[in-house]
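In the two complexes below, chain A is the common chain; its partner is chain B in one and chain C in the other.
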Partner chain A sequence: MRPSLRPFAYVAPAILLIAFVLYLPSLFGIYYSQFDLRYVAPGRYVGFNNYLRLLGDPDFLAMLVRSVVFTAAAVSLTVALALALAGWVNTLKGWFGMAIQLLVILPWIVSHVVSALLFKWVFVNDIGAGLWLLSQLGISVAPLTSAASAMAILIAYACWRTMGFAVVLLLAGMKSIPEELYEAASIDGATSWQRFRAITLPLLKTPMLIVCVILTLSNLNNVETPLVITGGGPAGATNIVPLDIFMRAFARFDFSTAIALAIGAFLANMLLVISYVRLVKWRV
Partner chain B sequence: MSSPWTLGRIALAVVITAALLFINLFPIAWGLVTSLKATPEIMAWPPRFIDFSPTLDHYRSVLASMFTRAIANSLFYSGGVIVLGLLLGALAAFGFDRFSFRLRNSLFMLIVASIPLAIGAAALLVPNYLYFTYLGVTNQWFTLVLLYTAYQLPLAIWILKGAMEGVPRELDEAAYVDGATSFTVWRRIVMPLCLPAIGAAGLFLFLGSWNEFVAGSVMVDSPELRPVQVAVYQNIGYFGRDWGPLMASAMLAVVPILAIYLLLGRLLISGLTRGAVK
Partner chain C sequence: MMNRRTLAALGLALGLAASPLQSAWSQTTLRMWTFLNPGGQAPREKALKILIDRFEAANPGTKVQVEQQVWDQMTPKFFAAHGAGNAPDVSWVVMDQFPAAVQLGALANLHDLFIKNWPKEQVDAINDTYWAFGGYGPGNHYMIAHSRNLLGIMYREDFLREGGIDPASIRTWDDMIEAAKKLTKRNDKGEVTRWGLGLQFGADKADPSPVLNFIYDKYGRLFAENCKALWANDVGVAAMTKIASYVKDAKITPEAAVNYSVEDLYDQMAAGRIAIMSAASVRMPQMQGSIDPRNIKFIPFPSDTPGKPQAASGTGWAVGVWAKSRNLALAGKWAEFMSSPEADKVWVEIGQQVPLYASTVAAMPAFFAEPKNQFLAAASGGFKTAWMSPKNCAIGGIREDVNTATQLVVLGRKTPLEALKEAEAKFNQRHGY
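Now for the complex of A and B:
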């Protein structure tokens, strides 16, 4: 083996597998999306017609708006709450801080199907024990039957699922901020809110943006959330991009518009991926 | 930033901890309680928290079904993903860390980009299904092993590469002087010094493959190949509002995750933070 080829022997198997699963299918999909698909078999060439059919779908625009509302609400609510929680955990020392981190990360490491199922059984179902406990505290939660409350429950679930990840990442960012900055500010008489505004927030910008990118990707691509919690209902009120792709392809077998929407989602994902690559301080 | 424990801070800590216990721990605990109750007790209103007679009936009926096969399948898939992922990941990390070559930067950027891209399950699903169907590689015993390995591999490479940066190159050079090949250096010197990172990478390879649902639900369709999360989901349709067996299957699907969580929680937290602050 020539010395210059040796490094490729080490990296090639991994690169080839990743390309084969993560990149080639989408390139293939861009080509395939220009054919009329009968189930999965390509029929005649139709150019951009599948995309036009998708855009002409009467519910399509509303579905996109709904997805943006869902994602924006879930991500901003999660990041705001996680920021407050991480700020609090950062003041804790030793095992207690670690215990809280482990507690918040729990819904993130359990599978999407199981966590959605548990959330539904405890907090959404009409005989949910969590709902009963909340009602004892005088808190009543709206049921799934109205469009607005179904969307609110979906957003609440997404926050619950992703909160731990955001807390752990933001906390790691906070811990990397030098203690001296806070000490200097305290000596100058800054209040804790002023220290947070002038030191923590600006120095936390990169981890916060990374969290936003990852959570946006996760929420825009999570099929299980709408599938298990609401099934897209009532009357399509919680039908969002990931569920729409899944249902077009595997419930209605309309692969022509499913692939068009999937390619659109892939391109949107690539924009988020590019911003991730720019944000993360990577080097070989 | 440690300040003294004033009464106000203690009250705040108690309230937040109680809220987190209720929101995050209670659902799992309640799922366990539900799975141990007879059906009439499950449907009781207000819910019965302690005064019920535990039964393993739901577990017996779930374990007597194809669900057992699904657990075995997922153990096989996860095992295959851990072996293949660690092997390919450690080789690639070594290649990127120890050699300089043309395209090294671009290829490593591709790896970094693939970490978030692999989260994009919904966008990848249909193209993957069409491409794999075209190639005729859906519904095989290796289909999900290949997919899950590719999803988790970028993160594994990233974690392993970070650890290899910390292994002094003087060790390699001494071995090369003694006539060792690069493969020997990888196997005898670098790998043994990266054991904690190998553990962390293995942990994420396992979590990702055990927990995956969407690809598992469409890329294989024989019941003999069904992974555990798909079996849990199908139980939702099968048992409907019969929450006992449904919760029993959810609990069985969560056992390995909770075991890892209790044993390796710290490793998990430190692995998660790598992408953000490194």
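Now for the complex of A and C:
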């Protein structure tokens, strides 16, 4: 084999596999999205009618806004908390630091459905320990009966689950910052806040952006969380893009608009992936 | 060089090795999709395991391979698999979607496969509402209805006894609401520790709404001739107002019901947090595993007309053979075996299911007289007034549409009429009615 072709041969199996399991179904999806899909069976050709029907859905815009609010809130809150936690863990030494890292990363490595069910049973369900403890303190709440509190629960769960991943990545970034920079700043009389603002934050820009993009992708594609915890309710208040695709397809059997929405989500994901690839190459 | 003895030994070894291989090659595997796990411990699962073992023993070289599915996603997945050409040989299809399965041409005609050979007595013994639902004119029959299920009332007899309520006195919805008020229990702080009436309005894993029962009971239909939904009318508004009032005014149903799935409701019942609930008869064996069987009972929904149960949704699972199965005859044989009078006794005795055949009831009087099995007779009685999906209309999403409308009313976001109009419009638009 010619040396110039060798790299292509090495990556060919992976590319073929990805093309088979991801791009081929997506191409099929784009093709079938132009047909009237009655119970998954392609009917007459309708062009872009499925997309127009989706855009004409009175709930569509609200669902998109809700998805953006959920994702933006979950990602920004997670990154902010993870930054503080990573900063603290970075100062810890020995087994205690290790134990804290393990505790924080646990929700990330547990299956989505299992962790969502645990969260629901403990903190959301009125037969769970969380609400029972609150009731002992004289606070009686039913968190899934109002739109705002249901969304807050969803955001809280997303933060809890993804925090560990963000902490690990930011901690790795912090550990790669040369100690000499902090020493020099201390000699110059910089306070802890000034050291954080002038050294830590700028040098963590790349890992932070990568965390933001990955968490955005994770939250935008996570159907298990809203499905298990809120079921999209009350009255659609926590119905976000991935759940909407699922409910359209598997609860309301409206595969025509489900596939149109899935293709839209696929394109949004592609944009995020492109930005991720560019960020990875970015040097501070 | 090999001598004769070595050759003979080699030949014997190859022969021995080949025989299981050959038997494996000649084995036919029938794939079946159901929500039951034959390795599980639920009564229906044990019954299925017995039937599979018996069928495999009677048909050497045949293996029934169950591919267990999530119940609420199994039917659309079957439709998708039918379109893709890789559906299982036998599938359980939720009754709501059975007409759609026939319209898609996904199910084989069971009349041609085996029903044409049944003696008249067998057809007479199985001929009921469910049987009629599977037929499309003479010589066309596409399913046998298993796991027949009536939506009705499940209640905790010990709670009723404690509240001094005689279950026999619950003959109308008003009686039931009065009982639920007495059964709703509060602690010293005024917090509810037990709800009188459990309902679920979540859009995920939903049962047919009681609102639909009220409409059908009073109006006699839920859809027009052209399949358009007929819910936003006086009867629908009255039903929706009544159901919402149980949360808002009577406070016998938790507001959290707006997010409950059916599973949440059963969990609450098992935890002793609910005294009476809207429930499926088919879940009784499972609940008898969580609660003392003497304390959990099932009756059809009371109506507003004393002495007659309210029309309730009759559901179940349409067991059919995939029309494009490569093992059509064998798949038909398995579907027939699962639905035979002998299998019916296993489904009833082990699985605690409502019998398919009237002859099964006649053959097992002692079994049906047992207190823990009385719910089977109650469900069978309710089927006489049950409503089913119209056979000419696809009605996918009806449960979610009506439950979402109920959420909007309970949360005060829409009036009953507005919510029902919106539900109707969404349903009609989605189906092109």
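Assorted remarks:
The definition used in the following text is that the second predicted complex is superposed on the first by the 257 of 284 C-alpha atoms of A that agree within 3 Å, B and C clash if a C-alpha of one lies under 4 Å from a C-alpha of the other, contacts with A are read in each partner's own complex, and residues count from 1 in each chain.
Operating definition for what follows: a residue touches a chain if its C-beta (ideal position, glycine included) is under 8 Å from a C-beta of that chain, and two chains touch if they have at least 3 such contacts.
None of the values given here were measured: they were computed from a predicted structure.
On the superposed chain A, the positions of chain B and chain C overlap enough to count as a clash.
In the superposition on chain A, contact of A:Phe250 is made with both chain B and chain C.
Of the two partner chains placed by superposition, only chain C is touched by A:Gly138; chain B is not. Look at A:Ala150: by the touch rule set out above, it reaches chain C but stays clear of chain B. In the superposition on chain A, A:Ile127 makes contact with both chain B and chain C.
In the superposition on chain A, A:Gly97 makes contact with neither chain B nor chain C.
In the superposition on chain A, A:Val11 makes contact with chain B only, while chain C stays out of contact range.
Counting the residues of chain A touched by each of chain B and chain C gives the higher count for B.
Put simply, chain A uses residues 40, 127, 249-250, 255 to touch chain B in one complex and chain C in the other. Against chain A, in their complex, chain C makes its touches with residues 72-73, 76, 79-80, 82-83, 97, 100-101, 103-104, 189, 191, 202-205, 254-256, 258-259, 261, 264, 267-268, 271, 273, 394, 396-397, 400-401, 404, 407-408, 411, 413, 429-430. Of all residues in chain B, only 1-3, 9, 12-13, 16-17, 20-28, 30-31, 34, 43, 45-47, 49, 88-89, 91-92, 94-97, 99-101, 104-105, 107-134, 146-147, 149-151, 153-154, 157, 182, 186, 207, 210-214, 217-218, 229, 232-233, 236, 243, 246-247, 250, 253-254, 257, 261, 265-266, 268-269, 272-273, 275-278 touch chain A in the complex they form. Every residue of chain A that touches chain C in the complex is listed here, in rising order: 38-42, 53, 125-127, 135, 138, 140, 142, 144-146, 150, 227, 230-236, 247, 249-255. Within the complex formed with chain B, the residues of chain A that make contact are 4, 6-11, 13-15, 17-18, 20-22, 24-26, 28-29, 32, 37, 40, 85, 88, 90-93, 96, 98, 100-107, 109-115, 117-119, 121-123, 127, 129-130, 132-133, 160, 164-165, 168-169, 172-173, 176, 179, 182, 206-207, 210-211, 213-214, 217-218, 220-224, 228, 241-242, 245-246, 249-250, 255, 258-259, 262-263, 265-266, 268-270, 272-274, 276-277, 280-282, 284.
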